[in-house]
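One chain, chain A, appears in both complexes that follow, with chain B as partner in the first and chain C in the second.
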Partner chain A sequence: MSKIDIHQMDAAFKSALTDLLYQLADDDFILAYRGSEWLGLAPHIEEDVAFSSISQDTMGHASMFYQLLEDLGEGKVDDLAHSRKAKDRRNAILLEMVNGPGHYLKKPQYDWAFAVVRNYFYVQMKKIRMDSLKNSSYEPLAQIAINVNLELYYHLLHWRTWFVQLMQAGDEARKRMDAAINRVFDDFGGVLSLGPLEDEMSKSGLIEPEEILKKKWILVMEPVFDSINVSMPTNFGMKNGNGRKGEHTEDLDTALSILSEVYHVNPAAAW
Partner chain B sequence: MEQFDLTVSNIMDALQRVKDPEIDSISIVDLGMVEKVTVNDHSICIDLLPTFMGCPALEIIRNNVVNELKRLNDINTIKVQYIYHPPWTTDRVTEKGREKLKEFGIAPPPKQIPKTGEWHVDCPYCDSTYTSLENLFGPTACRSILYCKSCKNPFEAMKPVSTM
Partner chain C sequence: MSKAIFNEKLTNEEKYDHFIKRITEGEKIEADDWMPDDYRETLIKLISMHGISEIMGALPEKEWVPKAPSLRRKLGIMAKVQDEMGHGQLLLRVAEDLMKPLGRTRENIMQDLFSGRLKFHNVFHMEAPTWGDAGLIGWLVDGAAIISQTNMLDASYGPYARALKRICAEEVFHAQHGESIIIALAEGTSEQRKMVQDAINRWWEALLMFFGPADATTTGTSKQDTTIKYRIRTKTNEELRQDFFTKYIPRVLSLGLTIPDETMHFNQEKQQWIYEQPDWSRFKEIIRNNGPKSRERLELRETTYHENQWVRNALNMAK
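Here is the complex of A and B:
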């Protein structure tokens, strides 16, 4: 990692950078966890292989962003991932929502349409974010963004294929996809948001402004909707609150208590 | 009296003995993971490029490098670090590495990715071009699953990774 003296860093810059890194890390971390819950439950075995591989990559990305936070003196990677409370998390609420009713060991009624739409829309936004971060004023983040981007190519291809195919399948598939699109749009504003420190982030050249990134997302997604003769919704809501401000749902509390169970048995253990 | 003879070239020889834990025919050198070797008096610093970022083998590789280098004489400190610039891409796999992948039953990545982004993979067993992609994703982050319609073998291929 490049040698950057964090003590020389301007305080406003550092808090904007830290907040941005928490958003990036927490988004990937919780969505990778939700992806891992699908293991063994995906529609067919090839999808099981693909989705778990994507989730593994995504967890790797989260770990890189937590590493950048560790380098800034925020604490150890494992502790950042496992021991922070829900109110300290900065992930978008859409990404923490359960996969569906039931428990993954007991009567899971997971919604594949929701998984496809949530992942596709999110990964497309992540791609736009990484493209912007390649030019970030914080060099270590720019380097990680280039590496993340190489892997995202495959994730995006995967989810776009599912999305287009299920949208064209008709009948029940289409009904469930339409419902999923509405649900995802109701909270997609939370994914697009860069939170209260957005101004400082864009002013200091860490990332482009939220409005520009949102326009880029619309620009890429509109032709996909056009190609399947569907008009794209325009409400980018935050129905369940803004995760960038530490607002979260019970779904996150439950997820955190499950995923950190082993960690809390012995936080000092090396894995 | 200096009888110490630790050169970059014998370190590279030692690193040739460190294999990918998940594809044990190929060394980390032939995978293109070794970016820089610095020898300073009795200290060695190795800069490695991670392949896929969530690859669980990265920490194992780091430990294996340290253990392999400890066998060389007269070393005080060994530092192994992962760096992210330049990014690892599949064109870094050496000619020997490509052969070693095939030995393991994995088709090597394309030497060059055409502008169209198309990916042609020959069967590592019979060299037939009559193959089909079964799953872009495979048993590890860096591999895809394919099928050879000539010799009727399923096989894997290293996923092309490129910055273009």
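Here is the complex of A and C:
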């Protein structure tokens, strides 16, 4: 497929491209937000520094994807990030889920096992997606995928290290990790999904088909599970719905009202 | 190293004289060098308080990290608060090395924080109820921090001086980050302008307190004489406060903002700023963890420390 520029796009291509970009931007945006809630609350100070660095990168990636949407005439990046309603968001539901009970300023009972598993599994999928996007028919997206990939190397190393270490620690850690794996698998189908326009996306050479990307994920993850003598679950669920279709939970509504609180004081003002 | 070996053969008094000679000549003391007990104790207290203040200092700004009003501001404040945690880590490592011969660890630092034995900086006990406060912390609190830390850049204790060098370089970015938020607000709508003026009014007393009382007569104790004697710092608290006024009062006024102290002026004859003293008894209460947000922030840190105990246990097992 030859590379396509913005002026030659037909309507079907453009809507598939736009939908894909919303998925990529919204996934990173909401997960970086969840990461920013962890700030100052990580298990130790070194991790706080590392995790907040990763969240920053992730927010930066969201910003780059929103910029591509702005370039396509979807609106200004800050409006796209802060003012779209939950039903218009395309992030996977797994990524919007709260870090745990409590509030990020008051009695947070955040679950580190869930943080590790959710981030690790997601980043691995993101890496596979970026590898595929490096060959995307939409050149500006291919360029960004190359840059994003450089940082994902470190993110993956980080979360894999935590995953393997906590899985092997036994006792309480293992129990918590097993529970987190089950929770994440229950909704991981939503992360793997490319939504209703998947056919058009792969047909126009924007990204490889969902099934192929999913197989690649399994191919990379199985040896990690094998190395710690655990059999990998195979149920990729969408227990809480499909975010790619605009289905979302209350967790997203609450998050959106917090993250846009100051923006909504006056969206027209310069901040 | 040769000096350390040489030192073994000397009496304590000779070691002390040698130590004083070294710091007088501008030599740096390293973690494994001989040092007087009160030098070590002063450093441990100073550096662990500094380190834990960086970490507790992340909490008032933390509130505003998810809420920052644009992607650019979100990225900026995320980076800024991450730096603060990084400074905390850097400083706690320096303190840990000093505590090692006494058999104390980071766990002691955390427990001392929770029990109230280890204090954290007065500014981080205060409320930060608006985005204006987030900007002001970066601008004036970090601005004050640059002034007080620059004063110790040539500290006789090498590891601290080197950590401060890195920290100060980053604090400059923080002050610019804060100033950029403040300028946007000061030049924005009347509501935004009010946001920043309210923040200045709210923070003014805490900023005066930032540098500590002028001398021990105000609060009963002051470490400044010891730290000056041991060449950890050069200027007094009052000199630093005056430097802060000289640098920031014109900047506040140039943005069309006001200082909430009508008596504030520069006395040409005395060559110093005249201002209304803060309530130093309140200062004592604040650093005793009786400030407006002391309990809440300690509770937040303590809750999460306990929530994550299982992770640290798991890591210790893996060692």
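In this section, the second predicted complex is superposed on the first by the 262 of 271 C-alpha atoms of A that agree within 3 Å, B and C clash if a C-alpha of one lies under 4 Å from a C-alpha of the other, contacts with A are read in each partner's own complex, and residues count from 1 in each chain.
The rule is short, and it goes like this: a contact is a pair of C-beta atoms (placed from the backbone, for glycine too) under 8 Å apart; a residue touches a chain by one contact, two chains touch by 3 or more.
Every value quoted in this text rests on a predicted model; they were computed, and no experiment measured them.
Q: Once the structures are superposed on A, label A:229 by its partner contacts, choosing first (chain B), second (chain C), both or neither.
A: Neither: A:229 stays clear of chain B and chain C.
Q: Between chain B (first) and chain C (second), which, if any, makes contact with A:8: first, second, both or neither?
A: neither
Q: Should A:143 be classified as contacting the first partner (chain B), the second (chain C), both, or neither?
A: It touches chain B, and chain C stays clear.
Q: When the two structures are overlaid on chain A, which partner does A:108 contact: first (chain B), second (chain C), both, or neither?
A: So A:108 only meets chain C here.
Q: Which partner chains sit in contact with A:259 here, chain B, chain C, both or neither? Use first/second/both/neither.
A: Touch status of A:259: second partner only.
Q: Going by the contact rule stated at the top, is it chain B or chain C that touches a larger number of residues on chain A?
A: Answer, by number of touched residues of chain A: C.
Q: After superposition on the shared chain, which partner residues are touched by A:46: those of chain B (first), chain C (second), both, or neither?
A: After superposition on chain A, A:46 lies in contact with both partners, chain B and chain C.
Q: Check the residue A:56 against both partner chains and state whether it touches chain B (first), chain C (second), both, or neither.
A: So A:56 meets both chain B and chain C here.
Q: Touch check for A:151: first (chain B), second (chain C), both, or neither?
A: first
Q: From the superposed pair, tell me which chain A residues show up as contacts to chain B and also as contacts to chain C.
A: Chain A residues touching both partners: 46, 49, 53, 56, 59-60, 63.
Q: For the complex, which residues does chain C have touching chain A?
A: Within the complex, chain C touches chain A at residues 55, 58-59, 62-71, 73-75, 78-79, 81-82, 85-86, 88-89, 92, 131, 181, 184-185, 187-189, 191-192, 296, 299-301, 303-304, 307-308, 310-315, 317-318.
Q: Quick one: which bits of chain B touch chain A in the complex? Just the residue numbers, please.
A: For chain B paired with chain A, touching residues are 50, 52-56, 81, 83-85, 87-89, 134-141, 145, 159, 161-163.
Q: For the complex, which residues does chain A have touching chain B?
A: 1, 46, 49-50, 53-54, 56-61, 63-64, 140, 143-144, 146-148, 150-151, 154, 157-158
Q: Can you list the residues on chain A that touch chain C in the complex?
A: 33, 36-37, 39-46, 48-49, 52-53, 55-56, 59-60, 62-63, 66, 77-78, 81-82, 104-110, 112, 165-166, 168-173, 176, 258-259, 261-263, 265-266, 269-271
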